[in-house]
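Input: one structure, supplied below.
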Amino acid sequence: MKIWQSIICSAIATAALPLELSCTSATTRTDNTFIIATYDDVKDWDPATAFSLEVLPMSNIYEPLLWYDAGGEKPVFVPGLATSYTKSEDGLTWSFTLRENVHFHDGQKFDANAVKFVVERNKTLNRGASYIWSAVDSVRVNGSHQATFELKEPVPLDKIVSSQYGAWMYSPGIAHVSTDSMRNGFGAGTGPYQLKKWIRNSHITLDKFDNYWGGWGNKNNFNSVQIQVISESSTRLQMVESGLADYAVLIPIQLLDLLEQNPDVSVSYHPAWINHFYLLNTKKSPTDNIWVRRAIAASLDRSTLSEYVYRGIAKEPEGLLPPNIPLFDAPDSLVQFNLSKASNYLKKSGIDPNHNRLDISYVSTSEEYRLTALMLLDNLRKIGLELTLKPGLWSTNWDKAKYLDTAPNIISMAWWPTVSSPADWFFGLYRSQDVPLFNLSYYSNTAVDSLLESAWYQESRFPDVAKKAYKSIQEILIDDCVVIPAADLSVQSIHRSNITGFRNNPAYSTLLVYNLERRE
Amino acid sequence: MIKYFIKRSILMVVVLIVVITITFFVSRCLPGDPTALWVGDHPTSQQLETAREQLGLDQPLLKQYYSFIKKLVRGDLGISLRTHQPVITELGQRFSATFELVTVALVLSCLFGFPLGLLAAMKTDTPYDLFIRGIGYLGLSFPVFWLGMILQIIFFGKLDWLPLQGRYTNHIYLDSQLIFHSGFLLVDSLFSGEWAIFSDAIKHICLPAATMSCAVLGIVLRTSRSAMIDTMAEPHFTTYLTYGFTPGETILRSSYKNTLIPVSTVVGLSYGLLLGGTFLVEAIFDWPGLGQFGVLSILTNDFPAIIGITFLYTASYVVINFFIDIIYVFLDPRARQ
Amino acid sequence: MHMALQSILSRKNAMIPGVFLLLLLFSSVLIPYVSPYAEDIRGAVHFEAGNQGPSLQHWFGTDAAGRDIFTLTIRAGLSSLKVALGVVILAVLLGVPLGLLAGTIGRWVDEIIMRITDGFLAFPPLILPLTITAVLGPSLNNVIIGIAVSWFPWYVRIARSQALVIRSMDYVLLSKSMGSGNIHVMKKHILPNSLSPIIVQASIDAGYAILISAGLSFIGLGAQPPEAEWGLLITQSRAQFLNHWWVVTFPGLFIVGTVLSFNMIGDELRNVLNPKLADQS
């Protein structure tokens, strides 16, 4: 085999002798650079508005006031740029004591003025995840390292300042950065790594920030991070296999199946805060009829899905959001798969199945959605309902779903939170929206709206009350059959086996390189 | 001669205008609201409204057409709704990738098609002829996307000889200094002496180029074969033979020139086929070229990009055929009527 | 015509593919009644039987949803034959009358028609069908329309050049001098004598129509799930095709076989019909 390989390889390369035959030769790197192979590039370098996979480099460049560690038994807040905080009885005044002797990458000091600047700028920009600051009325500077937030409502500010989007502290020096410079790459945070170089659609290089407050006492820390943009998944995987990369993002299952036993590569799955579900359109015929919705809900066989379609990468859902979200309490029951019940529900609805068509829109590039849609089609056919499949790209699907006349009856969705609370799901998906953004079931229920609001305002002072309320909300939604949960996903982690220090924290879908080291 | 040249040039411009107009109106009929694509993941309805105005989508259609033409004349093809880059920039970056692929595929098909066609012509109605013609037929019948996947299964999945996708391996490309910058990776790396890049690029272009050349192979083969047969039936050919020249020598001396004429028209046609094939092949092999951009643009209703791509493809096709026509006329004065 | 038919039937290069196509047609129509997996055509899923390779129970294996690939592949033949026929008939119906008109009447009608067809013919293949189908919405019927609209200019050209040749022939001139109108000339003289090149082109186009519609289904613009269509079957296999070669291979082989058959028949038709045409001039 090897002989043929080399013959063909050198025959193809008419050159003298390539120094490095990249025919899957292994490399052991001993440098102190951590290389990540990811699938797409950063589009927006503004830490106030970045809302997508920018989070990978940015969470190594910037830091929030607090981190939310949800990886252990109980979630805890970990001091970040704030070392401690207090909140008033009424929950409207929060005071943060800031860490001393912290500097931004551009030399400016981190202090209360910086905090005030960041919050106000984010609110003014009003893009990306800046809505998380909407309940903040003002930020007062009480001394160089004391920042006090006055809130309009008693929202859980500690969760907000630890959000994975829109909560980073960045240097006020950003005010002097032109939009052109920003577009060509910008980074002025307090984090362990700073932005050194960005070649569009090629790679991002981060170098260690010597003045990092956490220090570099551990000689095994990585001195630099390189994020390479490689859109072909097979190449990303090969780079980890051969040692040219330490970590690969988003590798399709079939490639992992092809991966032979390789002790140098570690593939694992961890619980994440993402779930798949299907929203049912409550304003469009025939899903505007609750018995039709119940019939559809009873036609989804979640256990078969979990066994054959998700094959261990996901769990059967217990509720409308992943169970390891804090303040989650499982609703008493979800609609179970039962075709004869489904058939009865359909009869109860009173509609004529022959004159009613259903359609489902789902993301065409997802094998899981495709197979689920096929399953629904088959099961609904058995009870007499015809389902039309409408696969498409997310942007097209979403666009059509926002207008009632082009909206589908059923739409596939995935959700992950910005703020670590069930409220994130409910605000985004089920609160009444005049013009639907993500409330694609067109659901409007004032009972849910007010329950949600009060739960959100009670979370930080009366968590048990909030927990009960979040459970009630789920039960109302299940009873009204607005959504069919499908799976609670795990996230994959593919890396060289000799890298250690990974801590699974589902609150952040990113990798903190500062914690990692390469074992020899 | 000059008159012919001018006439053809004017005709070409007219055709391009017609093409642009057809494309504009067809793409504006695409369903869906492209504003959402532009604004991105989490817009508010206010942001959507502002974007509509910015993009000029609230204007009547004819007015949009007029401003579009005005911009086009200045070389501005608009901004892609999906990537937020100017369409011209996107096309420019990707043009060399597609052009390189298409050229290599064309070279491959001519490299194999010509000699096989000539061979088949010289041995008409023998098993060789039938076999070669069979290959030609088969090549024309393969769905190009299927062939690509089969090759991937064999050469990547089972044998692991060639990469699955892509044009180059990032880090190899990164750590290099390319002196030459024509945009053609193979040329650049060869002339810069960067053997690592060269061998990497060759390995990556193997499967996509082979896939694309299959269909064209059949056409080149058949055309050169029938052109050769016609030539061999002509009196001067047999004259040469009676003088003692072998068929091989005769061909080299004279006949091949006559075969160039029909074959050059075939090249024009093949170019069009190859351009069409790029949509599918680039999708399969994740080739960062115009075809991949085109498919994504169509699927996401990114109409500035769609217009840009269609115009570029069609213009290339028209221009290539224009030059082929000119060459044709040079080679065969009889065609000037 | 009778002589042509006789010659065709005697040539094995036309008979073998012809038989294949007929077999395909019959089996695709009959398979729902014969196959134990007929329900799969309507979208039945059996996940427990998913991703199995070729075996005695499933000759072509199963896909990720457990559907029998053999049944689906045979059934998909019907979609493709429908596309082949639909495209060709539509393109001929659109193109031939226009071409005859252009060729017979001439003058400015001819000029306009020719310029418009030039515009259409300037597009490289696939681009127009792609865009038109995207506009109309993804479905196999719209693919047929999209391809036909992109191709009819070829038939305009063919019909026109035939008309040009024939209208200057003696018997036509005679007929016109006796007072026949243009329409009459078209119907009685030009059309019957133009059929040969049109038929040849049509049979070859039938094959290409299948290739293009499979390509469009592959992108997602053609047949929609759970329809059985070869291009769609191939694209649905992409998530696992490296490990499960059977989902890709068999539908593709059928595409090759069908297109090859149309190509071969077309070539034989050309061999049979063209010499006749040559004799007429």
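For clarity, chains are labelled A, B and C in written order, and residue numbers in each chain start from 1.
Heads up, the rule we're going with is that a residue touches a chain if its C-beta (ideal position, glycine included) is under 8 Å from a C-beta of that chain, and two chains touch if they have at least 3 such contacts.
Since we're looking at a predicted model, the values are computed, not measured.
Put simply, the chain nearest the middle, going by average C-alpha positions, is B.
Two chain pairs are in question, A-B and A-C; the one with more C-beta pairs in contact is A-B.
In whole angstrom, the spacing between the mean C-alpha positions of chain B and chain C is 24. Annotation: 40 Å between the Cα-based centres of chain A and chain B. Chain C has its Cα centroid 47 Å from the Cα centroid of chain A. The multi-chain contact residues of chain B, meaning those touching 2 or more other chains, are 31, 156-157, 299, 301. Each of residues 258, 392 in chain A touches at least two other chains. Multi-chain contact residues of chain C (touching two or more other chains) are listed as 220, 241-243.
Those residues of chain B whose C-beta lies close enough to touch chain A in the complex are 31-33, 36-37, 41-45, 47, 82, 84, 156-157, 160-161, 163-166, 169-174, 190, 195-196, 198-200, 202-203, 206, 286, 288, 299-301. By the touch criterion stated above, chain B contacts chain C in their complex at residues 11, 14-16, 18-19, 22-23, 26-27, 29-31, 137-138, 140-147, 149-150, 152-153, 156-157, 271-273, 275-277, 279-280, 283, 294-295, 298-299, 301, 306, 310, 313-314, 317-318. The part of chain C that touches chain B in the complex is made up of residues 115-116, 118-120, 122-127, 130-132, 134-135, 137, 207, 211, 214-215, 218-221, 230-231, 234-235, 238, 241-243, 245, 248-249, 251-252, 255-257, 259-260, 263-264. Interface residues of chain C, counted against chain A in their complex, comprise 42-45, 47-48, 50, 64-65, 220, 224-226, 236, 239-243. Listed in rising order, the residues of chain A touching chain B in the complex are 4-5, 8-9, 12-13, 15-24, 43, 51-52, 126-129, 199, 202-203, 228-232, 234-235, 238-239, 244, 258, 392-393, 395-396, 398-400, 402, 406, 435, 437.
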